[in-house]
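Look at the two complexes coming up: chain A is in both, with chain B in one and chain C in the other.
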Partner chain A sequence: MGALTLGRAALIGAAIGLLLAPWHGLENGALAAWPRGEASPLLALLLDGSRWWLWPVAALLAAVAPALLRGRAPGLLMMVAGAGIVAWIFLMGHAIGLNGLAWKGLAPLLGAPPPQPSLGWGALMVLAGGVALFSAGLAARGSFGADAFVSFLVCGSAFLLILFVFVPLVTILSAAIYEGDRFAPDALAARLTAPEAWSLACVTTHAGCGVVWNTLLLATLTGVISTLLGLGFALLAVRGNVRGAVAFRAMTILPLITPPFVVSLALIVLFGRTGIVTGFLWENFDIPRSRWIYGLPGVLLAQVLAQAPVAFMLLDGALRAISPSLEEAASTMGARRFKVFRSVTWPLLKPALAAAFLLGFVESLADFGNPLVLGGDFDVLSTRIFFAIAGARHDPGRAAALALLLLALTFGAFAFQAWWLGKRRYTTVTGKGDSGLPAPLPKGLKLGCSLVVWPWMAFTAVVYGIILVGGFVRDIGRGDMTFTWRHFLTGFEVEWHNGVDFRGSAWDSLFTTIEVAAIAAPLTAGLGILLAWLIARQSFKGRGTLEFMTMLSFAIPGTVVGVSYVMAFNVPPVELTGTALILIICFVFRNLPVGVRGGLAALAQIDKSLDEASATMGGGALSTLRRVVLPLLRPAIVASLAFSFVHAMTAVSAVIFLVSAQHNLATVYIVGRVEAGEMALAIAYSTVLIVIMLVVVLGIEKLVGRAQIGRRAATPTTMHAGA
Partner chain B sequence: MSDVSITFDRVTKAFGAFRAVDEVSFALPRGALVTLLGPSGCGKTTTLRLVAGLELPTGGRIEIEGKDVTALAAAERKIAMVFQSYALFPHMNVLENVSYGLLVNGARKASAESEALAMLKTLGLDGLGQRLPSELSGGQQQRVAVARALVLRPKVLLFDEPLSNLDARLRRRVREDIRDLQKKLDLSVVYVTHDQQEALAVSDLVCVMRAGKIAQMGTPNALYEDPADAFIADFMGEANVIQGEVLGPNRIALGGIALDTVMRAHPPGAAQIAVRPESILLQPEGSPGLPGRIQRAAFLGQTREYEIQTPAGELFVVTPAASPAFAPGDAVSCAMQRVIPLRPAA
Partner chain C sequence: MSFTRRLLATGLLLGGTAFLPAAAQAQGNLVVYCSVQEEWCRPMMQAFERATGVRVAMTRRSSGETMTQIRAEATNPRGDIWWGGTGDPHMQAAEENLTLEYRSPRLSELHDWAVRQAEQTQFRTVGIYAGALGYSYNVTELNRRRIAAPRCWADLAKPEFRGEIQVADPNTSGTAYTMLATLLQVMGEEPAFTYLRALHRNVNQYTRSGAAPARAAATGETLVGITFLHDAVTQKIAGAPVEIVAPCEGTGYEIGSMSIIRGARNLDNARRFYDWALSPEAQNIAGQANSYQLPSNRNSAIPPQAPRFENIRLIDYDFARWGSAAERTRVITRWEREVRAGSR
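Here is the complex of A and B:
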């Protein structure tokens, strides 16, 4: 695509945004008044003088129009105009807010302007036009291989990433450093070093420790225990010669399709004060009922249940990748079984062990659902942040400071991982043909693994069994196992008179969840694959920065994202809180890194010369992408679709800040049921979610995934002669 | 219309501080097959990619058939390229691969397919249209790649080491096919290879590159017989490069012994002298020539190879199998039938 084409498209888009679409407000209801009142386009607002400070936008647009209409593409002018339009709209949007002038220092210049509400569709179109003009300008000046399409993709995604990843982070930082309206670095320092965070009281007294220590302790324990469990599973599965390996692998799917806190529900049913096990122990052994599960032990148990299968997956892969010939080499040199394990296998596993630990560590830091449901008095950073915003004492400054602490811990963990992996490389250097038999486990080790692994399997089975059964019996918490549909009826009752009437209390949140997930998933997959393609296949200045910004949101814990979105998008110029749109945006940018990584991995498998061949035959970036790259990326797209859908259905940490009465989500609704003590309904709803996810994931795979193997799957491909 | 297909005017491509192509200028004639030859890392592939538009130069000017294409993207250059890996689209069948270029350039599906079918027929691939690339042999894949490029009727056809994925027997046939096709269709072809035999066999012109610059350009014969310097002499086939002295026209001294020979004009004085292994005639001791003793002898079927210790240094000699055989230890006389006095390397 040439710069002129893009420039003209930008001009048309911006002109429609300026002349026709309502400038303010994204709410659907306001459209009724168009083109007057709340739904006025900018042109009307400019002419009646109520937005006189936006004249420069129209002027900049008018400045580039003549050249573009006459068929010229002036690079510098388009860049200046595009950047100017975007910058000016945001500058004025911040300077003049809902209460008139927000930046008091500008009073001599701007006087006392009328209030300016949030930007709407019109503004969106003009902004998009501005970004497109800027990209067209860049392309016209020879950047991005003179390809305006690539230029637009890069600039557009950079704009979105800045707006929805970078700006919220900056907002949270500034919220932490302000006390009300006062700039107060001392307040930030005080908040960051508060005893609330760092107290060591628990070492000497019965008082609780600082929340940072709690978080670190929990994360470390979760990381260590789930890694060890995962290792036990992996050793048995790969080297133990046991039949259970298939069951182990099946188990690894569970945490992927379970909302993160559902395990907590089962634990409460088992070990709560009125739990099944608790009751059994009380009746038979006179062990008193207690609330031990609420606190560190419970949260830890829940997190390990979720993380151990993930650790298993990682270590299983690593263990398989160790070439048996290495171990055979060691044993031909006279090493005994245990010596072989200790001197060859174990050192080669170290990087994977570190990766598994760090993943468990980071996931525990980010986990919000389990500490919320099971934490009791044991607060971690993520829950404390939540209560600082949603609790009795609304204190955004404190929430922001705590969020910064959590962010620092997470980044610290990732930085440590990067440093550690960078320092040592244990790639097994091999040529071809890794034959040989893997060394069997030393006997003692095998016995030790079995003693841990099988009881844990049984425990996992019981926990998920509870979730499976819990929704269908009258009151699983009290051991009343009479079959009933009651809980499903409460949640999902449907009546027919004059059409369908969804009377169940869960329908609203379920519909919203599915709608949001179904909209977010293709957006995530699409944007993720596009970004991966740009990063892997196009060379341009700032590519590294773009990649970093994409991956950034992966490292930000959900709670921090939630808080930062609330702070950044609660007031004009971009006011999104309370809409379904903010939920979608949140999901898209949170799940984006996974799509990008999947895309990058898949692109690494596709020879770059395919793109180049298409280019030499006259295929521009757009045709190459559409006809060559995307068809070959199909499996990655499917995976990314499934992943983002499932994550949008199960996420709770970020969105709990963003839901509203009108747009509630299933997970948040379930958490609410738990807090109200309606355990069975919560479990029933969780079951429904799990089933939906299974159906959708398998369905996506069937529909899209199979097609890729293609129409000629049946033909035997035996003719590899020559070459 | 001009009879120049590609012009490079002081073209430079730098990657950071490294100059892969360093102020290269040339003008390639239309309808000729030009090979870019050189050791790996010499800039030949980068030069080809600059022609294709897959790399944009950091300096200089490129023209194709008189049109400045320096800043044009690959898609807009009206060239076609056959890749080393062939780069056939694995998700499209042969027919779809060959009609791809026509379709993205706006042709209608029916006409694109009929043109593609005709091209497949030209290349002896009829009947394979519905196959996937993975179902073809290496030679067939190669021909599909050529068909895919030719169907676009490019101004210039580019080959990037097209034979490197074929086995030795097939290589010779395919390179002859390429040459025939080029002559039949009067194509302007640029062809990258690191194999000097291949270059000699197919080219109208050979352009030898070294360290981002053109070392020498000329017909295969000229490069072989009249190399500019020791690098070219050694790169274009094997050569013994020895220190000697030019005494006058067709008279040199090697190892202190004056010899008659045939050579290009060269001012008298000390010089490096290149001698091709096959231009040394071995005769029994006592005949006129440079005396020597056989160190090693090998019989290769069509030829015999010798390593010979002489006063001028060790010589590598190839003789026809039909010539008389010598054994290690034999004393011989080496007559220099033809030598190449070298100008000092620039």
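Here is the complex of A and C:
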């Protein structure tokens, strides 16, 4: 696509936005007053003088029009005009708010302007036009290989990322340097070094340690234990020659589709002081009943239950991808099985082990539901941030400082991974054909793995059994196991008279959840794949920055995201709170990193020569993307679709502040039930969610087929032949 | 062409402002922030819709979360009225000028404690129910341990209750702060802190939510849970083996409150709701919804299961002093330093 085409399209879009579409947001979604009143387009507002400060927008647009219409694409002019339009609209939007002038310093220039509500469709089209003009200008000046399409994608994504990732983050973190309304940098230093974060009292006394140490300890333990468990699972599944593929498969799916903290509820039912297991041990073996589950052990158990399967998935893939020829070479040279494992297989697994550990570590840092339910006195950063904001002692500055610490931990983990893997190479799959057979596990190792893996699997089954049963009995927490439909009726009662009447109290939130997740998933997948393609296949200045921005939202804990969205998008110019849209945007940008990562991984497997072939034959970036890359990326797109759908259905911490009267979400509703002590209804609702997600995930898999990670489907037969 | 599709997607993402609340109906809308249990919120809103034809949109959150929400939205409020939840945050909202003054014609029908609270806040909030503080214990567990049944605050500091008491954390829960303020008023500041240090040794967990200890006592996760009595009553009626105690030295209480949010978009309907919620018809819904607080209207029926204030030694709780943000911070900070940091 040429710069001229894009420039003209931008001009047309912006002109429609300026002349026709309502400039401001519509309070009641009504177009009735158009083109007057609250639905007036900017042109009407400019002419009647009520938005005189926006004349420069029209002027800038008029400045580029003649050249574009005459068929020329003046690069610099378009860049200046585009950037100017966007900057001016936002500047004025912040300067003049709902109560008239917001930046009092500008009073001599602006006088006393009338209030300016939030931006609407018209403004959106003009903004999009501005971004497009800017990109067309860049392309006309030769950036991005003079490809206006790539230029527009990069500028557009950067604009969205700045607006929905960067700005909210800056908004909330800037709270750390304010004390009330006073600017106080010394308060930041005091907050960052506060003993509540760094105290080491627990080493010497009975008092609790600083919350940073707690968080680090929990995250490290979760990372290590789930990685080791995952490794045991992977070794047994890939090299152990055992049956039970279905069990292994179920293990990998279940935790993905389980709403957080549901596992915690099941653990309380099992191991609480009046829990089933506790009671059994007490009655039969006189083991005193204790409350060990509340605190580090309980949270750790819940997190490992969720993370071990993820580690298994990662290591399973890595283990299958290791070319057996090296192992064969080692055993040909006389190494015994264990020696082969220790000196060849294990080192090659290092990157995957690091990745599994890192994922466990980071997920544990961000986990909010489990520490909330099981934490007891054991506080971690995510819950501390939540209560610093929502608790009885409201202190956004403290919350922001704690959020900074949490961010630092996350980035530290990523940096550590990069340093540990260093510059060594771990590639074993080369272009040359390989036909070796994977070495079977050493006997001792296999026995060890089996001893850990099978009991853990049984334990997982029991936990999910509790969740399944819990919804159907009167009160599983008190051991009242009489069968009842009551909880499902409370939540999901349906009445038939004059059509369907959804009377149950959970229907509203369930419908909203599905709707929001279904809208957010394709947007996440689409934007993610596009960004991945830009990052992997296009070279331009600022590519590293763009990649960092997409990954940023993965590192920000959900609670921080939620509060920052409320702070950033509650007032004009961008006013989104209370709408379903803010939920969708929140999900899209939170789950984006996974879409991008998936896309990057898939693109790495597709040889770049295909792109080059397309380019040689005259295809532009757009047609290469559409006709070559996207069809090859289908599995990755589907995977990120499924992932973002599921994650949107199970997120809690990010959305707890974003839900509103009209748009409540299932998980927030469940948290409320847990808070009120209605465990049974919470478990029943969770069961419904699990079933829905299971259907979706399995359905998608059925539709496109499972991604084939292994290279040889015919392994069993060759195995027999070899053995 | 995927360029247009791209534009559409961008448009969908950015153009949220058009997604605002649905069209108003004849009687208009009302956005209620509800801070009592869901099962009480719902019938209240349904009854109001039936009585007036106003379309209600309700969000249920704990009072702390609602307070955060109202603060965050202060420049552009979304809610019209905040109904329910313990009085302290309501009074704090009044102090921070987040809520509106309104004198309901029904004010004269209310109990003295409700009127007094309204006067203290220049009529920015009003009491809709009251609940006394106390504790509940699990009878099965108590018999198993052969401990004498506790009757007073002082009993809970005895060594036989070591690791058996659960109470919320005043940093996160209004209930727990009410307990601190109550003890300070009953015993005087220094003896109260001596007592709290002794109690601290017996506490097994400081929960985050105020009602959680009642639930824990009901299931036997803890022997004693310090909560508002109506939370314990709910558990008892659900069949839990708990006994409810109003401590013999006297105890404090909360006033569940209601405030109109400053900048409410549906101010007339908010006032309508305000008046209606103070009426006996509206307050009688509580009992049917398993909520056993004491209603603020003198003519409302008291649920037969509700802990009667006549049978409880209530102290003259000074809401103005203990509800102020400065006093609150001072007490909690001292508690953290001298009690919470100690060993158990």
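Keep this in mind: the second predicted complex is superposed on the first by the 557 of 723 C-alpha atoms of A that agree within 3 Å, B and C clash if a C-alpha of one lies under 4 Å from a C-alpha of the other, contacts with A are read in each partner's own complex, and residues count from 1 in each chain.
Simple rule for what comes next: contacts are C-beta pairs under 8 Å (C-beta built on N, C-alpha and C of every residue); 3 or more make two chains touch, one makes a residue touch a chain.
What you see is a predicted model; the values in this text were computed from it and never measured.
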Counting only touches as set out at the top, which of chain B and chain C does A:526 meet: first, second, both, neither?
-> second
When the two structures are overlaid on chain A, which partner does A:304 contact: first (chain B), second (chain C), both, or neither?
-> neither
Examine A:147 and indicate which partner it touches, taking first as chain B and second as chain C; both and neither are also allowed.
-> first
So, A:156: does it touch chain B (first), chain C (second), both, or neither?
-> second
Of chain B and chain C, the partner touching more residues of chain A is C
Based on the superposed arrangement, let me know which partner A:98 touches: chain B (first), chain C (second), both, or neither?
-> second
Does the superposition put A:619 against chain B (first), chain C (second), both, or neither?
-> first
Touching partner for A:588 - first (chain B), second (chain C), both, neither | second
Residue ranges of chain A in contact with chain B within the complex = 142, 145-147, 607, 609-610, 612-620, 623, 627-628, 631-632, 710, 712, 715, 717, 719-723
Flag every residue of chain B that touches chain A in the complex, lowest number first.
-> 52-54, 56, 71-81, 83-85, 87-91, 93, 100-101, 104-105, 132, 134-141, 148-149, 152, 158, 165-167, 170
Which part of chain C faces chain A closely enough to touch in the complex?
-> 2-3, 6-7, 9-24, 31-32, 37-39, 42, 57-62, 64-65, 67-69, 71-73, 75-76, 78, 88-89, 163, 170-174, 177, 204-206, 208-209, 211-212, 214-215, 218-222, 235, 238-240, 328-329, 332, 341-344
List of chain A residues in touch with chain C within their complex = 1, 6, 9, 13, 24-30, 97-99, 118-121, 124-125, 127-128, 149, 152-153, 156, 160, 201, 205-207, 268, 272-274, 291, 294, 372, 376-377, 383, 387, 389-394, 475, 477-478, 480, 505, 523, 526-527, 563, 566-567, 570-572, 574-582, 584-585, 588, 622, 626, 656-657, 659-662, 664, 672-673, 675-677
